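Chain IDs A, B and C follow the sequence of writing; residue 1 opens each chain.
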Amino acid sequence: MSGVSRLGRALLSVYFWAFILFLFVPLLTLVVFAFNESATPTLPITAFSTHWFGLAFGDTELRNALLRSVEIGALTGLLATALGIMASIGLSAKRLHLRGLIVAILLLPLVVPYISLAVGLLILLKELGLQISLWAVLLGHVVIALPFAVLVILPRLRSLDPSMVEAARDLGSGEVTAFNLVTLPLLMPSLVSSFLICFITSFDEFAIASFLAPSGSPTYPVFLYSGSRTPGLLPELIAMGSLIIVFSLVIIVIAEGGRRWAELRLRGEAAEDAGTAAEPAGALAAT
Amino acid sequence: MGGEIRLERLVKRFGSFTAIDGIDLTIPAGQFFSLLGPSGCGKTTTLRMVAGFEQPTSGGVLLDGVDMAGIPPNKRNVNTVFQSYALFPHMKVFDNVAFGLRRAHVDKSQVKQRVDAALEQVQLTALARRKPAQLSGGQQQRVALARALVLQPEVLLLDEPLGALDAKLRRQLQVELKALQEQIGVTFLYVTHDQEEAITMSDQVAVMNHGRVEQAATPREMYEEPSTAFVADFLGVSNLMEAHATGPSGPGVALELGPGVAVEAARGDVAARGAVKAVIRPERVRIEPAGSGGPNRVPAMVTRSVYLGNGVRVIVHLASGQPIVALVSNTEGDAMPDWDPGTPVTVHLPSAALRILPVALPSTITEPAPTA
Amino acid sequence: MPESVSGGTPDRTPRVRGVRLRLGRGAFVIPPLGVVLLLLLGPVVLLALYSLNLRTNIPGTPTAFSSANWKDFLTGTGNPFRGRFFYSMKITVLVSVAVTIAAYPLAYFLAFVARRFRYVLLLLLLAPFFTSYLLRVVAWSDIMLNQNGLVNQTLWLLHVLPHGHGVSWLLYSNFSIFLVLFYSWIPFVSLPIFAVLENMDHSLIEAATDLGSNRLSTFWRVTFPLSLPGVIAAFVFVLIPTTGEFITPLYVGGPNNQLFGNVIQSFFGNSPDWNYGAVLAVSLIAVVLVLMLVFGRFLNTDLRQGEAGAGA
């Protein structure tokens, strides 16, 4: 349609699919070797076994590290999304002093190198006389996740017809009620996306966690690092890792599917026509 | 039944920009009242101040004598039909219409009754379970109407509600809206830039320009007796002519339209002398064969004629160069003269149709001293 | 700018201790702003102070303004950290260029060849990016590239190399760092290029063809130049985060392949000379800021605009 030659199309297709292969093979290997009976992930595959999964779930340290990451991730998701909503509301005000500067500051965590931020937070804790803790990790994660929340929520908020909130107020609701009944439901898809993105950002974050998590309470990424240096731990980590990989892929598919479903639901079933059959006979209602 | 709106010395500034430059206007209760004007004239800003979405910089908005200052929109007995309809897309039609009633904590059975009645009134009963995205533009507009009216406000504000609809549907809904207003008796404050809409629907019209009201009157008064050149030109088409008023002549004033062109004007400010502006509507201008005699007849030449179907628009030029547009109704059918360019004709400007515009704009208020 | 309401109408703007307060919706921005100021700018300021020796982590050490550490890092002859910095930047730029070039045909494929399924295939391309970064690195370091890893196994299977003799530079080398970084960023980088190609006015291409241009010429003279903003955005999207990269070298880098981020890490872990480390940390931030200033205008500035202004 845009004039790519037959040969060009073939070459580009090969190139694309080769890259897809390149991208997915390492992920595949994690899944494949998770079921490998042998303790070292090499060919040939000796036997099919699920005992690494059992070991992984039985390993309390691994489990605890995972739980810590899930907890911190969920809290990061909630807090960052809440702050993201606030930032979006504030940025959608008609007139805002120093709007450009505020946006720049809110998006700053996107560019600051996490290693510099991590050591900076370490210094901050020291100066405030505080010990390193998982709370500190949480706060660090909220800061780095916040820009993503804003980038997801703000455009969605902006796309809403401002007259709708005015209509709600016109019809008798206060500002807060109007927000809860009109704005929030319509924002919901973006809030879910924001939560997921912030969760993932926190769950996979290594730099800040490596400096601020106490040595006895590592998060999953920190545990993964020290564990991967230990040959004995490797199969368990691979098993757990394969689950995480599959889980994230499933989440992506669900999220995309869910997003499309939400759009459809928001606009009513597209299949139903604009009521020609149900139209009253009167000429006045005819369109 | 209340619903009278009074705007007193109303001024609205956004930073350094003055959107409303001083308005004094009374909108009587129970009327279909239009605010008419071009984009940017301030009509929507005025509407929003009545609704409560903007606060006046100075001056007052009074509903039935009560000053609305500081009263938020949700507490005013005024409801709005928005230009974009602003229906809640995630709620069914029924819930959209019920929204205001639920905010007022009306009990459930009452809610159902009133919503059903409102939907019946706009003929959408069958669509109550649909979502707005499944409705056509015209149907959405009705929902917006029902949603506002179900609350039984004293005043209904409509912000160019028919703008997004095609011409045929628009005409249909104009008739419906007018009938609805007459039926329920609520004051309708209607904003539009479409002068035909304003003329056909309104009891009274206020023409706005640059934040001021140029004239407020019934459609007929405004059309026949525009008080400014702007109003004359905004409502329908006018021929605007510079002239020199010399002295009384019969019931009116003697005018010189150009060297040797003398006519009599019997309407408007006939006491004015000197340089004046005269207007005459194209449909009142008569094209007669060249050489016709009689008062107020001027020789002219056809420059262009445009066939309109229901008439012909003939553009002629006087010897002085003054162009005059005439609208000749299609009463003769095939027997209409051709009026090719270059045809000499006589233009008859009946004195009863020739109006002298008042020299000064009837001023609404004097500007209050700046406060901030 | 407080709006005054005069003419006999009561002033209802809320007052706080006599000062007229107009908290519009804009005030909602304060909590998130506070969080960033405290938890981002705070640490950065502290880093700056430490780098200038105005504060220190070693108790009992006197603190006074001193730019000695800065001088040493920036101008000291043969400063190893400076050397490591340039090495880092070299790798960073190489990776960024390579990734951007490699991603272009992928984006082009999606936008022009895979018309009907392009969004599904885009999702397929992006999916790996949304799985755990660390796990992907582990896959390379412990399954693919290691001595008995898949790559070597495959080479043995194909008899390219005698069994047991692996390619030594597969792991803990410049190659491994380059490869893993390249691998990580390819999906993400395709996105801005795809977006630009997708939104391009295709009638321009048709016009070029209509005027007699052949396919290659059309691409080179119309499509590619118009897609440059996306290409530059993609380049910046890789460049900026990669300057601070230090995780990948931990897994797949040898002692000679550590990046600048690792150097910073060492100053705060093993030998706690926080003052010198702060110099390095601040330098890294400064470099990123400079890159942002230079390239920033190519990025999406949509968020800078406020809502449509007050109208009539």
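As a convention for this text, a residue touches a chain if its C-beta (ideal position, glycine included) is under 8 Å from a C-beta of that chain, and two chains touch if they have at least 3 such contacts.
Owing to the predicted nature of the structure, the values given are computational and were not obtained by experimental measurement.
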### Task
Would you kindly say which chain has the C-alpha centre located farthest from the C-alpha centre of chain C?
B
#### Entry: Chain at the geometric heart of the assembly (C-alpha centres)
A
### Query
For this structure, which two chains have more C-beta pairs in contact than any other pair?
A-C
### Task
Could you put a whole-Å number on the gap between the CA centroids of chain B and chain C?
58
### Query
If you average the CA atoms of chain A and of chain B, how far apart do the two points sit, in angstrom?
54
### Task
Report, in whole Å, the distance between the mean C-alpha point of chain A and the mean C-alpha point of chain C.
17
### Summary
Among chain C residues, those touching two or more other chains are 309-310
### Task
For chain A, write out the residues touching at least two other chains, lowest number first.
none
## Note on the structure
chain C contacts chain A in the complex at 24-33, 35-37, 39-44, 46-47, 50, 55, 57, 102, 105-106, 108-110, 112-115, 121, 123-125, 127-128, 130-136, 138-144, 148-150, 153, 157, 183, 186-187, 202, 205, 209, 215, 218, 240-241, 243-244, 246-247, 250-251, 261, 264-265, 267-269, 274, 277-278, 281-282, 284-285, 288-289, 292, 302-304, 306-307, 309-310
### Query
Taking the complex as given, what residues does chain B use to touch chain A?
51-53, 72-75, 78-80, 82-84, 86-90, 99-100, 103-104, 123-127, 130-139, 147-148, 151, 169, 172, 176
### Complex contacts: residues of chain A adjacent to chain C
1-5, 8-9, 12-13, 15-16, 19-20, 22-27, 29-30, 33, 40-43, 83-84, 86-87, 89-97, 99-100, 102-103, 105-109, 111-117, 119-124, 126-127, 139-140, 142-143, 146, 150-151, 154-155, 158, 162, 200, 203-204, 206-207, 211, 221, 224-225, 228, 234, 237-238, 241, 244-245, 248-249, 252, 256
### Query
Taking the complex as given, what residues does chain A use to touch chain B?
161, 163-164, 166-174, 177, 181-182, 185-186, 266-269, 272, 274-275, 278-280, 282, 284-285, 287
